[in-house]
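Right, one structure below, let's go through it.
Think of it as A, B, C and D in the order they're written, each chain with its own count starting at 1.
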C-alpha cells in the first residue's frame, strides 16, 4: 500500500497492483500534461496535471464502487479503469484533441494495447474488458464514462480548486450515495436529483467562466493552429501523440522558424491575438448551423479574410464554439419504481437545454498589429451563414 | 484596472502601471517556473508557478501597506517590489539556486537593471530604491524580505493549498493587523506574538513534510546534478539563467546524451535514485559540522564511494541538508514600550532553535541498480566527520 | 477600533460608534436568536445567531460601499443600517414572523425609535433617514434590502457554512465588484450577470435542501402553533416580541400545561409530527391558489379533519408552503448603455420563474400516534381546491 | 440507515441501532448544550452543540476502528461509546463542571445506567463493558478517551470551524492512518509523530486564543458563580444536572432575584466584569502553587478583598487558571520495534512541557462600577503566595 496526498481529496491509497500501473512511463507522463492546457494564461493557478485528475477519478470511482457494493475484483477493475481512462491524452489535453483525427478514448485504447499497461492489466483482467469499461460500455462503464460519471465529478472539483472559481463545487457525497445498480443499469435515486441538477449547473457555469472563457478560447485557438502546423510539417508523429508531453511540443515549436516559432513566442510572452469579431447566436437564424461548419469551410473563410487583409492565412483564426454537450440530461433516474430521464423530470434541466447555447459565439482572432485594418471588414459577409 | 483570479486570495486587482510590469516577458516567464521545482513528483498537486506567488505576494504586501497607512506612492512602490521580488529566479526556483554562483536576489537585481523592467520602474521610482526594497533594506524592505515578510506568508499558504498539506495554514489577518511602523522599523505588536509563533511552527512542519521531504530531497539532488552538468558543458549560460524556463532546461537535458539524458529520463519516468544511507544528527558529535562540508569535500567523498563501487562518480549523490534558517526568530516585537526579539520572549521559539535540526540528516543516493552492492559499504568511514 | 472574528468572513473591524450600537441590549439580544429557528433539529450545525449575520451583513455592506466609493459619512450610515437591519426580529427569526401581525421590518423600525438605538443613531443621522435605508428605499436601501442585497449574500454563505450544504457558496467578490451606482440606482454591470444567476440558483437550491426541507417545515409548523397558542393566551406580548429571546419562549412554553407543554416537549425530544399528506402542485389545476388560502380557511380544514379523527383541532397542522419570492429576478442590469431586468435577459432566470414552484406542496402533519387512523382519510376532499 | 449532514465531516451515516440511541431524550438534550459554553460572547460563531460533537466523534471513531480492522461488533461498540461519551455533561459543558462534585465522566456513567440508554445498549453489549470504554479503559477506551483520542480530534476541528480560529486545523487523516493496535495497546506509528506534534501544538494555540481567552475566562467565571449560587439555593438539583439544558439554567437564573438575576442580566447584555488584576507565572517563585489553591483559600481571598472594598463577596471573582493538561505527551509511539512516549522522543513536545504555562495567570474580576476603587488595592498581598 502506498499513499499519495491529493490537494482535493486528501490521502489516496494505492494497492500494489495500482502502484505498478502508476509507475509506468505511460502514467507518469500524465504528470507533465496540463489538465486545462493553456488556461494557466487566464487563471494563473490552472497548472494542475492529468495525473492528479487520474488518481482523483480513481478515488471517486472507488467510493462509488463501495457504495454499489461491488465485489473486490470488480472494485479493482473499476479503479484501474479510472486510473487509465485518460492515458491516451495528447499534450495539453483536450486542446490538442480537436486537431487530431482520433479521440482521446481511441488513443487510450491503442496505447494500452501496445504498452506494458496491457501486460500488467492482463495479469488480472482481459484487456478487452478493461477497454469496454473505459469506453463507457455496460454498468461499470457508466461509472467512468457515463451520464453522471466520476470523471466529471473530479474535474469540476479540481478545476474549481485550481482556478479559484467556486462554481464547480458540487455535492459529490450526495451524488455517490444516491447511485444504485439496478438490473445492470446505473440509476440515480430520486433523492439525488437535486445534487445532479446542481452538478449540471456547476458545469454550465464553468463553461463561460473557465472552459470557454473568451481569453481561454483565444489561447486554445492559437495553440491548435501551432500544433496543426507541427503535424502538417510532420515534426510530430500524430499516431504516437500519446508519447509526447507538454514540454516536447513547446520545445519543438520553439525550435521551428517562421509562423510556428512566432505563435509559440506569443503564447510564451502572453501577447495574445485579439478578438475582432463575435457572432452571437441571437444574431442569426437557426444558429446551430454554426456548430456544423466544416473545417474546409472555416479554412476558406480564413483564406478570404487573409486575402482581403493582405496577410498570411494562418494569422486569421476563425473559432467555432464547442457544442455544449450535457450528457447528464439523459441520466436515468429511478422514480417511484419507473426509470425516467433527468431531463424529462427536471424543469431546470429542461431549461438548460436551450440556455446552454447562450454563451456560444463564433469568434475571429488575429494578431494585434492587424486589428485596426481588420476593423474595416464586414465579417458576417465572409461566413455565408 | 485589471483583475486576476487567484486560487488562494481570490480576485486581485492590478493598476495600469502594474499591468505593464506584469505584461513583460520577464514576469510572464515566471508562469513557466514551478514554485517548488520537482516537488510535483512527490505531491502531484505542486505544479504552481512563481507567477502566482508573485502576484499573491503583491496582494499581501498591499494589505500590509494599507494597514501601515503608507501614502499612495509608497504603496505602489511596495506593490511593484513584491511583484518583482522573484524575477531573477532560475528554472525550478530554489532547486537550481544551490548550483549557481549568484543568489536569486542578485540575479533579480541584474535582470531588473538590464531589462525593460528597469525602464518601466524608472518612470515612477529610482531603480536603486526599488532594488533596496527588494533586497530587504529599510522598513519597506522588511515588508518584502524581512523577518516576518509577506513573501513567506504567501508561500506557506500557497504551498499548503497545492500540496494538500494543511500545516501551512497561517493567520495572515492577525499577523498583518499587528504590524506597525515605528521609527523606521517594522514591529510586531505583542498581540500578534502567537500568530507569529504559529507561523514559525507552520514553516517548521512544512520542512520535513514538503520542502525537505526525503523524496523531494532525492529528486532535487538528481536535478541539481543534471543542471550542474549542463552548466559544466556550457549548454546553459549561467549568467543568463533568468532567461530560461523549466521547459528549456528539460528539453536541453533530453537532447543531451549519456549521463544527462539518463538522469533526466529517470526524472521523467520517476525512476528515482534510492537512499542508501542517512546520517542523523544524533549519531555524531557536533553535528552542525555537516552543514559546513565544502563542495570539494563532498565531491571527494562521492569519488571515493564511486571508486569502491566501480561506477561513474556522478552516480553517487551526497546530499548535505539545508541549514534550517528561521529569521522569524529575530522579529522585533514591541512589548510594553520596549523592542525585543521574538526568540527572546517566546519559549516556544526558543525551543525551536534546537528542534529544527531534528529532521536534518546527511543522505547518500544512487541508482537502484547499485543499491545492493552499496549496502556493503560503511559510509560513515568516507565522511571523515 | 474593535475586531471580531467571524467564522465566515474573518476579522471584522468596528469603529467606536458601531461598538456603541453593538453594545446595546437590543443588538446583544440577537446573539440569543437562532438565525434558522429550529432548523438545528434537521441540520445539527445550524445554531448560528442573527448577531453573526448582522455583523457579517455590515461587513459586506462596507465592501460594497467602498466599491461604490461612497463618502465616509454615507459609508458609516450604510454600515449602521446593515448592523441594525434585523434588530426587530422575534425569537427564532422568520419562523415566528408568520404568526405575528407585523413584519420584522416594521418591528425593527418601532424598536429603533423607542430604544437607545435611536438616541445613538441620532447623534450622526436622522432616524428617519436610517429607517428609509433599512426599509430598502433609495439607492442606499438597495444595498441592504434590494434585489441583490448584501443581506442575502451573507445569509447564503453563512447558512452554507453552518448546515454543511454547499449550495449557498456564491461569488461575493464578483457580485460586489460589478455593482455600480448610476443616477441613484444600484445597477449590476453585465459582467456580473453570471454571478447573479449563480446566486439566484444557490438560493433556489437552498430552498428544498434547507429553508423548506420537509422536516424543517414540520418543526416550523409545530413551533408556530406553539407560539400562536402562547400569543392567544397572552403569555407573550405580541407588541414587544422583539424583547424576547429564544430562551424566553422555550421556557415560557415549558412552564405551560396541556397542549403548549406537549408540543414543546416534542420539539425538545425531537418526537416530531408526521406528514400524512402532501399535495404537489402538479396534482391540481391552477396550483397557485394554494398560496392564497386564508388563515380562516386553513383553520376550518384543520377543524374538520380533527372532527373526523376525534382529536383536538390543534393536533392537525395544515402547512401551506411559502411563496418562493426571488426578487433577484428584477435586478436592474446595465447592458450596453441600457438598463434591463435580470429576468428579461437571462434565460436561466426566466426558467426559474416556473421551476421554483416545483418543490412547493401543501402538507398535513399530526402526532405519530394518530397517523394510522389518519391514513384512512381522503385529504383532498377537505381542501376544497 | 439514516444520514445526517455535519458541517465539519460531511454526511454521517447511522445504523438503526445508533438511530435508536440518538433518538433518546438523553442524546437529543445535547443539541441544547453549547459545546463551548458562553464562548459565543467572545466568538459569535461558537454556538455549536455537544450533539454535533458527539456524532462527529462517532464518525472519527468509526474511521479509526476501520483502520484498526476491528470486527463488526467491536466497531459498533466503539461507535456507540463515542456517541454517548459526553451524555452526562451539564449545561454549558465544561464551564459547569468545575462547580460540580462529579466529573462529566462519572455523570455519564450514572446517566447511562439509570436511563433507557442502558436498556438499549444491553441488547448488544454489557453496560459495564460500555462504561469501561467510555472511561478510557483498555485499547478501545484509548480510541475514545486516551492520549490521542478521536474526542480531541473532533473538538479541535469543530471549534476551529465555528470560532474561525484556524489553529485547530489538524491532519486527522495522517493521525488515524498511523495508529495501530499492538498487543492490546493503541500505538502511534513513527510516521505519525509529526501529525501528533502538530495536533499538540494546535491544542496549545487554541488555549489562549479560545479556551482560555481572557474574555472567555471572565464570562466563564461569571457563569460559574451564578451556577454555584443556584446550586447553593437548591434551585437546581446537582445530582441530576444532566437533566437540564442551557435554556433551563438561563431561565431559572432570570427568574431569581438579587445577585443571580443581576449576574445573568450582565451575561445577557454582555456587560462583563472587568479584570483588575493578573498575576503572571513569571512574577512569583514556584508558580505551580497557584493551581493548588483550594476553593476555601480562594473564597477567603475573595471575602477579604470584598471586605476592604465594602461590597458583597460575590462581586469578587478570583480566577485560578486551569492546569494545562496535555495527555498527548504520553502517547505511546512505536519506534523501531520499541514503544516510547511521544514526550520522550520529540524535542518540540518536551519544550511544550514548560511553555504551556506561559499564558497561565491568576486573575481577579469585578463589576465595572467597582473597578476604580479596586485599582487602589495591592492584590498580591491578599493571595499569600
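Criterion: a residue touches a chain if its C-beta (ideal position, glycine included) is under 8 Å from a C-beta of that chain, and two chains touch if they have at least 3 such contacts.
Just so we're clear, the structure is a prediction, and the values are computed from it rather than from any experiment.
Hopping across touching chains, the smallest step count from subunit B to subunit D is 1.
Look at the contact of subunit A with subunit D and you find the same residues on each copy: over half of the numbers used there are shared. Comparing chain pairs A-C and B-C, the larger number of C-beta contacts belongs to A-C. If you average the CA atoms of subunit C and of subunit D, the two centres end up 34 Å from each other. With centres defined as mean CA coordinates, subunit D is found 50 Å away from subunit A. Once the centre of each chain is set as its mean CA position, subunit A and subunit C turn out to be 41 Å apart.
Between subunit B and subunit C the centroid-to-centroid distance comes to 50 Å (mean Cα coordinates, whole Å). Taken residue by residue, subunit B touches two or more other chains at 10, 165, whereas all remaining positions touch fewer.
Against subunit C, in their complex, subunit A makes its touches with residues 165-167, 169-171, 194, 197-198, 201, 205, 208-209, 347-348, 350-352, 354-355, 358. Those residues of subunit C that touch subunit B in the shared complex are 3, 10-11, 173-174, 177.
Subunit C meets subunit D in the complex at residues 4-8, 10, 23, 25, 28-29, 31-32, 34, 40-41, 43-45, 47-49, 51-52, 55, 161-165, 245-248, 250-251, 268-270.
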